[in-house]
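In the two complexes that follow, subunit A is the common piece, with subunit B as its partner first and subunit C second.
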Partner chain A sequence: MDTETYLIIILVFMIVMAIAAIHARDLLSSVIAQGAIGYGLVLCFLLLKAPDLAIVQIVAETITIIIMVAVLHDSTRFETRFPICRRDIVNYSAAFVLAGVLLYYFVHAIAVLNPFGEHTLRMSEAYVYQAIEATGATNFVKGVLWDFRALDTMGEAAVLFTTAIGVLAILRLKGKKQSNQ
Partner chain B sequence: MKGMSVIVKKTAQLLSAMIFVFGMYIITHGHVLPGGGFSGGVLLASSFIVLILAQGKEYIKLKKQREATSVFESLSALLILLLGISGLFAGSLFLFNNYLPKGQPGELLSAGNIPIYSILIGIKVAATLFTIFLALTIYKEEVSK
Partner chain C sequence: MTLYILCFILFLVGLYGLLISRNIIKMVISLTIVEVSIFLMLILIGYVSGGIAPVVFDSQVLENKLVVDPLPQTMVLTAIVIALATNSMILTMAIRIYKKYGTFDIHEISKLKG
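So, the complex of A and B:
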């Protein structure tokens, strides 16, 4: 079997797991299903020859599951269900219409793109063939990340920084109590 | 959060040192082999998280640790910016100026500024994730008291 067949099998597995994650009543099994999606993505990255992304994904996925289980441990285990009201019907129909419109335009957009695996290399050609010479890094993913596209990477670091500050600001209840008194 | 049994505690102590060393390896070889700051930083954070999960809360003074991680996080972010600005003075460009000697490609000491950025971003990612984990464990304890 070629790479595409394996990818299709893994993607179908991931879609099934995503549906399971939405419909599971036990939130712990929902978290586990999300973990299965993440590890499926790891396999996809490995098949597409991106070990860098695979390492990041497998490590970050594990940490995410640990944190989510820790949160779940402190909150409710089972999801509460509400009966369907009129507002839900409007919401669902709006979502379906939006999905249909997006699908229509995606089909038209995919027809214009190159076939899978044959990209047009305009700018990335310079990166691929000159990165080792220009940066001296044999892993030229890092060369691109910290030389040609360093500003993007700094933006990522800023996003992480903001995440930590946001978590600290939301979770510190002690400070809030002091300001109320 | 209570600690686990003695077997789990000892295994976690052994494993966390190994995970830490592997994280350092991933960070410092980021410009030669697959890996780099982000993945290595997450590994460093997970080595501490394993310890805390196994030993329970009382093992180390978590509150002091949280302050220390905040300091490390802010300091490494500042150092990244300063290194970027130093490129502005050494040549012309902010962040894009790889002015240190390039060396032989494939060696550990090569690629100019990229290993330094890698180490700094590794410290930053480790500190951020560990801060989030500690916040989730500490503040819940504060509420329940």
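So, the complex of A and C:
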């Protein structure tokens, strides 16, 4: 079997798991199904020749699952169920209509893309063929990340730092005392 | 083409979950599904069949060989880390909401607000 067949099998598995995650009655099983989607993505990255991404995704997915299980441990596992009201019917029909319209336009829009596996390198040609002379990096992803586009990476670090401050500010139980009291 | 459409169906499943779920944790999970589908779409576009992974030991390896596009991989690497950060931020807010209102259900919360 070729790469495409393997990818189709993994993607169908991921879609089934996504539906299971949305419709599970227990929130813990939702979290487990989400973990299955994340690790399916790791397998896809490995098949698509992206080893760096596979490493990062496996770490990020594990951390997300740990945080989610910690949140559920501190609250409730069970979702409260209610009989379907009129607002739910509006939500369901809006979701299905939106999905149908988006799928119709997506099928027309991907006609301009290259078919799978026939991508032409345009700007990245410079990154690939000059990376070793210009940066000395034998891993081109790291060469782009830390040298050609280092400013983007600095922005990413700024976002991470801001989020860490935000999480600390939200989780802090007591407010800071004012100094003049 | 099949792969692109399957990837978009994964996106639509996530969007459906975001629209119909009443539970905050399930909304976070749906958002994660949407993120996963977008990462996969970008990498699928950058794939070159028969290409090697963008890790080599010296420049002679590159002759007469195709390489997978490293640029989408870099962008997705950044996006994965930022998605992790935003997810942990949302979950922090969710736990604070639970501590205040005692429920994850958004209809109940909007009723309790009065």
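Operating definition for what follows: the second predicted complex is superposed on the first by the 175 of 181 C-alpha atoms of A that agree within 3 Å, B and C clash if a C-alpha of one lies under 4 Å from a C-alpha of the other, contacts with A are read in each partner's own complex, and residues count from 1 in each chain.
Note that in this section a residue touches a chain if its C-beta (ideal position, glycine included) is under 8 Å from a C-beta of that chain, and two chains touch if they have at least 3 such contacts.
These numbers were taken from a predicted model, which means no experiment stands behind them.
Trainee: Aligned on subunit A, subunit B and subunit C: do they clash or fit?
Mentor: They fit: once the shared chain is superposed, the two partners occupy separate space.
Trainee: Pick one for A:Leu145: touches subunit B only (first), subunit C only (second), both, or neither.
Mentor: A:Leu145 contacts both subunit B and subunit C.
Trainee: Does subunit B (first) or subunit C (second) touch A:Val167, or do both, or does neither?
Mentor: After superposing on A, A:Val167 lies in contact with both subunit B and subunit C.
Trainee: Of the partners subunit B and subunit C, which touch A:Thr135 in the superposed model: first, second, both, neither?
Mentor: In the superposed model, A:Thr135 contacts subunit B only, not subunit C.
Trainee: In the overlaid three-chain picture, which partner chain does A:Ile66 touch, first (subunit B) or second (subunit C), both, or neither?
Mentor: A:Ile66 sits against subunit B, while subunit C stays out of touch.
Trainee: Is A:Phe45 contacted by the first partner subunit B, the second partner subunit C, both or neither?
Mentor: second
Trainee: So in the superposed three-chain picture, is A:Thr153 touching just subunit B, just subunit C, both, or none of them (first/second/both/neither)?
Mentor: Both: A:Thr153 reaches subunit B and subunit C.
Trainee: Please tell me which partner, subunit B or subunit C, touches more residues of subunit A.
Mentor: After superposing on chain A, more of subunit A is contacted by C.
Trainee: Tell me the contact category for A:Ser29 with respect to subunit B and subunit C: first, second, both or neither.
Mentor: neither
Trainee: Could you look at A:Leu121 and tell me whether it touches subunit B, subunit C, both or neither (first, second, both, neither)?
Mentor: The answer is second: A:Leu121 touches subunit C but not subunit B.
Trainee: According to the stated criteria, A:Ser93 is in contact with first (subunit B), second (subunit C), both, or neither; which is it?
Mentor: Neither subunit B nor subunit C is touched by A:Ser93.
Trainee: Please provide the least distance in Å between a C-alpha atom of subunit B and a C-alpha atom of subunit C in the combined superposition.
Mentor: 6
Trainee: Can you give me the overlap between the subunit B contact set and the subunit C contact set on subunit A?
Mentor: 51-52, 56, 60, 63, 67, 71, 74, 132, 138-139, 141, 143, 145, 153, 160, 163-164, 167, 171
Trainee: Which bits of subunit A are touching subunit B when the two form their complex?
Mentor: Residues in contact with subunit B: 51-52, 55-56, 59-60, 62-63, 66-67, 70-71, 74, 132, 134-139, 141-143, 145-148, 150-151, 153-154, 157-158, 160-161, 163-164, 167-168, 171-174.
Trainee: For a test of understanding, state which residues of subunit C touch subunit A in their complex under the given definition.
Mentor: The touching residues are 1-10, 12-17, 19-23, 25-26, 28-30, 32-33, 36, 39-40, 43-59, 62, 67-71, 73-74, 76-78, 80-89, 91-96, 98, 103-105, 107-108.
Trainee: With touch defined as at the start, can you tell me which subunit B residues reach subunit A in the complex?
Mentor: 26, 30-36, 38-39, 42-43, 45-46, 49, 53, 70, 73, 77, 80-81, 84, 95-96, 98, 102-103, 105-106, 110-114, 117-118, 121, 124-125, 127-129, 131-133, 135-137, 139-140, 142-143
Trainee: Provide the residue numbers of subunit A that touch subunit C in the complex, in ascending order.
Mentor: Touch residues, subunit A against subunit C: 3-4, 7-8, 11-12, 14-15, 18-19, 21-22, 27, 30-31, 33-34, 37-38, 41, 44-45, 48-53, 56-57, 60, 63-64, 67-68, 71-72, 74-76, 79-80, 82, 87-88, 91-92, 94-96, 98-99, 102-103, 106-107, 110, 113-119, 121, 123-124, 127-129, 132-133, 138-141, 143-145, 149, 152-153, 156, 159-160, 163-164, 166-167, 170-171.
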